[in-house]
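Just below sit the structures, each encoded as structure tokens.
Both complexes shown next keep subunit A, but they swap its partner, so subunit B is in the first and subunit C is in the second.
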Partner chain A sequence: MDFLASFKICSSGLSAQRAKMDVITSNLANMETTKTREGGPYRRKKVVFAAAPLQGGFGGLLDKALSQVKVEKVVAEEGVRLIFDPQHPDADERGMVAKPDVNLMEEMVEMLAASRNFEACVTAFDATKSMALKAMDIGK
Partner chain B sequence: MEGLFGKTFRLLSSLLDFYDARHQVILSNIVNIDTPRYRPKEVVFEKELAKITEAKGITLQRTNERHLSVGEEKGGNMRIIEGADHVDIDKEMVSLAENNLRYNLTVELLARKFRSLNNLLKESR
Partner chain C sequence: MDEFRIKSGTILPPPSLVKENESIAGAPGKVTKDFSSLLQEAINDINKLQIQADEAITKVQLDSATSIHEAMIALEKADISFRTMMQVRNKILDAYQEIMRMQV
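Now for the complex of A and B:
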């Protein structure tokens, strides 16, 4: 059994979900950030995953079907939330402050989903491990 | 050697290969749950079994003419089909658990086969 390929697929899933979690926490932490190095308020980031073919296969039928996952890109959304707050140092001449368009509920839901997907990958990893250990029982 | 490590061994080890392939396909479905436009894949079993049983000449006795026979279908290769347009995580986790149990069962059968050979050799000394 090619356990290495299985482990590679599992670990790609784990790191992808972890990257997604990083981006979500960055969105949550910067919910009120009005200044960034690029100028303007913080832009909400979104992770886009892509299926990547498994490297180093033997070119068989299975190689076409197997794919690990990778983070293709992190896109920054354009939208901002304008809030009337004339006292704010970053307010424009109309007294409007541009704040990041981060929806707390949306981020929490995404976070839960990422967490559950991570757990699914862990379960899959456990199953792979138990199969590898079981295969060693053959000669016993 | 053929008598000692015969059809059962070969059938069981090809089954292990098959479950391994299926496991890997399920894994790639699970990790790609969030990938846009990813279509889940599935390894089809019947044809592969048909091929194995046909090649090894394993047949089942039919006691009733309405029974299905094993290995009658001229099977092609192990086939991978594409499923629905999104990954159903419940389905995948169930297949993962099921496949895991089947793999363990096959390993157990193989191990018992070896153990019985071992017993035979030990007792006949």
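Now for the complex of A and C:
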């Protein structure tokens, strides 16, 4: 059915925003983490989205114009924040501790954006559904 | 449901008509399926969507790794396709009752 195409795109958008939310939560939870399995402090993660062609859409020209979103990769940023704290068990010989370069404000803004984006996808879904239902009222 | 779409912008004559009288003017191509098999296919498709929705909601209940929105979307797909089927059924019944009311 033709409205299934926009449902598919909505679904991919919702999944993508949820993945972004997971990454943001991980950044927030690890704001003070100085130990990781790879060694060194936790690195701030960022999610990268990519447009993927939609299969099974309208067919023809419009099919090429439509694309859903997918999570391409999650990249770790290089930077760390050096803080002077000689008492810390992870301090180096100069008393500096490497902490994750996570900015609370930045993460909160990203979180807001993700949740608003998610809401927008849900609204688009609802609008599509009401269009489909309205179409069924034709002739009544 | 793709089968219900009107092919190449022309309205197909009812399949039974085509079988009885092949020389309909402007009949586009040959109709291979009759209406009842098309309806059967459509109902099967709708049933498939219902089963998918069932599976999705079971997965959400049993396995926390599945996302809620995918289950909800599966439910909505099943809902809309079922409503469409009900509309088709209502139309068919209306037509049937209209014929039954005919004066003889």
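One rule holds in what follows: the second predicted complex is superposed on the first by the 134 of 140 C-alpha atoms of A that agree within 3 Å, B and C clash if a C-alpha of one lies under 4 Å from a C-alpha of the other, contacts with A are read in each partner's own complex, and residues count from 1 in each chain.
To be clear about the criterion, a residue touches a chain if its C-beta (ideal position, glycine included) is under 8 Å from a C-beta of that chain, and two chains touch if they have at least 3 such contacts.
Source: prediction; values computed, not measured.
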**OP:** Classify the contacts of A:R37 with the two partner chains as first (subunit B alone), second (subunit C alone), both, or neither.
**Re:** neither
Original post:
So, A:C10: does it touch subunit B (first), subunit C (second), both, or neither?
Top reply: both
**OP:** Please indicate which partner A:V69 is in contact with in the superposed arrangement: first for subunit B, second for subunit C, both, or neither.
**Re:** first
Subject >> subunit A residues touched - subunit C or subunit B, whichever exceeds >> reply: B
Original post:
Looking at the overlay, does A:V48 come into contact with subunit B only (first), subunit C only (second), both, or neither?
Top reply: first
Subject >> Touching partner for A:A132 - first (subunit B), second (subunit C), both, neither >> reply: second
Original post:
Where on subunit A do the contacts from subunit B and from subunit C line up?
Top reply: 1, 10
Original post:
Which bits of subunit C are touching subunit A when the two form their complex?
Top reply: 1, 67, 69-70, 73, 76-77, 80-81, 83-84, 87
Original post:
Tell me, which parts of subunit A touch subunit C in their complex?
Top reply: 1, 3-4, 7, 10-11, 14-15, 18, 122, 125, 129, 132-133, 136
Original post:
Can you list the subunit A residues touching subunit B in their complex?
Top reply: 1-2, 5-6, 9-10, 12-13, 16-17, 20, 48-51, 54, 61-62, 64-69, 113, 117, 120-121, 123-124, 127-128, 130-131, 134-135, 137-140
Original post:
Inside the complex, what are the residues of subunit B that reach subunit A?
Top reply: 16-17, 20-21, 23-28, 30-36, 38, 41, 43, 77-78, 80, 89, 92-93, 96-97, 100, 103-104, 107-108, 110-111, 114
